[in-house]
Amino acid sequence: MAIRIFITGGTFDKEYNELNGELYFKDTHMQELLSLGRSRLTVQIKTLMMIDSLEMTPEHRNYIADECRQCEEDKIVITHGTDTMAETARVLAQQVSGKTIVLTGAMIPIKFGSSDGLFNLGSALAFVQSLPPGVYVAMNGRYFIWDNVRKNRQTGIFEELKPVSTHTG
Amino acid sequence: MAIRIFITGGTFDKEYNELNGELYFKDTHMQELLSLGRSRLTVQIKTLMMIDSLEMTPEHRNYIADECRQCEEDKIVITHGTDTMAETARVLAQQVSGKTIVLTGAMIPIKFGSSDGLFNLGSALAFVQSLPPGVYVAMNGRYFIWDNVRKNRQTGIFEELKPVSTHTG
Amino acid sequence: MAIRIFITGGTFDKEYNELNGELYFKDTHMQELLSLGRSRLTVQIKTLMMIDSLEMTPEHRNYIADECRQCEEDKIVITHGTDTMAETARVLAQQVSGKTIVLTGAMIPIKFGSSDGLFNLGSALAFVQSLPPGVYVAMNGRYFIWDNVRKNRQTGIFEELKPVSTHTG
Amino acid sequence: MAIRIFITGGTFDKEYNELNGELYFKDTHMQELLSLGRSRLTVQIKTLMMIDSLEMTPEHRNYIADECRQCEEDKIVITHGTDTMAETARVLAQQVSGKTIVLTGAMIPIKFGSSDGLFNLGSALAFVQSLPPGVYVAMNGRYFIWDNVRKNRQTGIFEELKPVSTHTG
């Protein structure tokens, strides 16, 4: 059961440029995190782009959807900036079917001491293995269906748009 | 959907005693890791014991099983030493039913720079939300059913006892 | 032999704002670093300002010089942005005498996993205890006299303006 | 002005063996720390041994002294276990003259998140450049002359045997 991992950028992969003090993208830290987590999953990693999610255009999202449709794996994790993660989830839900797609990211860059990235990645890889086909956002230890999630810009926390009727158990 | 978290010790929570150079237990780092992961899950944390899993006796395991039965949550994550994690999983499977129980731990203590603990915790919390009732081990990014898992002592990696027929999709 | 520590900001104390993705100042991490280094030095810490050194004006520098003259300690460490550290050193050399003053900083914020800040602080505190009165910059494991140092903007490395005649042992 | 760095082991270079849960020595982390500190010092690193300082014999200490005498550098930093650091300092003071020798180490292994090693190294490298010939211990941000230092085993802190009369500048 191979898992496809697509990299699109976002806070997750930002680094500090010590010459000018700005944050920028170099390479993804995905392989490094998988080693840190002693992951033994079979994964295929592909970097689609390395951008802030606020700069993501409809073309970028169509490209991600294309790649999701065309890859042979039906379990896909996408690292993505948090600001427009819900928007990309919506586009993927419209264009891709029959696959479990989980978007995740980080509030703090991986390279910082206090990043949530490793936790989120562990969580996203687990959800993609265990949730039925559909498009999800995995953040804050939780998962959200694509049509019921937003990032609260004031708090930085992901939340439902409307309450979920919970008959869990 | 509250999640119960039971702490039993293991490498996960080991610390370095700088006066005598030995590893020991002080308090659990669970709350610290949940904050780091910006978790917004509703959890109830209870420390049952703080021991190496090689020191775990049948009495310890019965106590853990009792607590799993008696707690009101039906989703339970247990942090546990890796050496006998599979053994405890077996006892829980015999004594607890109707609940999703996920055991996890770490190969490297949380307090070390290169711990897998945060990744494993993210993964265990995701699996406990999405897997059907049963007892599981979550390590190396994967999950294993209680009756088909062992830790390979040579490699430190968790693996199936027998191959799984995979008609995944 | 108390040591005075003045905080002025710079990369050293920058943090990541997870709501807007920008770097900013909150509090100094000096106390945290001294604890990490298990320092048993008697120090007096005072935050004079929290700014980028590119924003530092003649007024700011005069204020730092005033504080250096007026404090009762004659060993002073100043954390400072690297870009204009040499400029502030020059102003201090003109206005303060009879004290050992060591400026230091960091190329990477303390809060990042790979910061040079702890190393630089250890080095600055050692130099201030052992060098004769004068104004120095301590970076890259070395010390530089105020009138023979610049930061090379291309490489991010501190270097002498002119070669030092070394009749060192 | 090249600096000689001798590695002898100690907590500084201990690693966690994730297969058996024990601390052990593999390679020194010296090069890694110098990179982290963006050090531009000219150094010659040589590993003399990798042992706990409690296991250090008179033969080991004589060997270290030989190497100190024979190396061409007259500025030497030695990483060493903290328990018998003062004892080795005494042997070196008896056998080596005309060189500045600074012993340092760590209370917590480098590979742990909260090590004092980087701070101590920055401090030792600074002291070796600025102190007159003699043998010193650099710990807790301070330096101690070889004949007036001990590690307090109860507190883990280095201290003078007898008060120093301070007519410091």
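Every chain is named by a letter (A, B, C and D) in the order it is written, and numbering of its residues begins at 1.
Note that in this section contacts are C-beta pairs under 8 Å (C-beta built on N, C-alpha and C of every residue); 3 or more make two chains touch, one makes a residue touch a chain.
Every value quoted in this text rests on a predicted model; they were computed, and no experiment measured them.
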| Among the remaining chains, which ones contact both chain B and chain D? | none
| field | Furthest chain, CA centroid comparison against chain C | value | B
| remark: Note: chain B sits from chain A at a C-alpha centroid distance in Å of 25
| Distance from the CA centroid of chain A to that of chain D, rounded to the nearest Å? | 45
| Taking each chain's centre as the mean position of its Cα atoms, how many Å separate chain A from chain C? | 40
| message | Touching at least two other chains at once: which residues of chain B meet that condition? | response | 107, 113-114, 156
| message | Once the touch criterion is applied, which pairs of chains come out as touching? | response | A-B, A-C, B-D, C-D
| field | Partner chain C, residues of chain D touching it in the complex | value | 1, 33-34, 36-41, 74-75, 107, 114-116, 118-127, 129-131, 138-143, 156-158, 166, 168-169
| said: Could you list, by residue number, the parts of chain A that touch chain C in their complex? | reply: 11, 14, 16, 18-19, 21, 23, 52, 107-109, 111-114, 153-154, 156
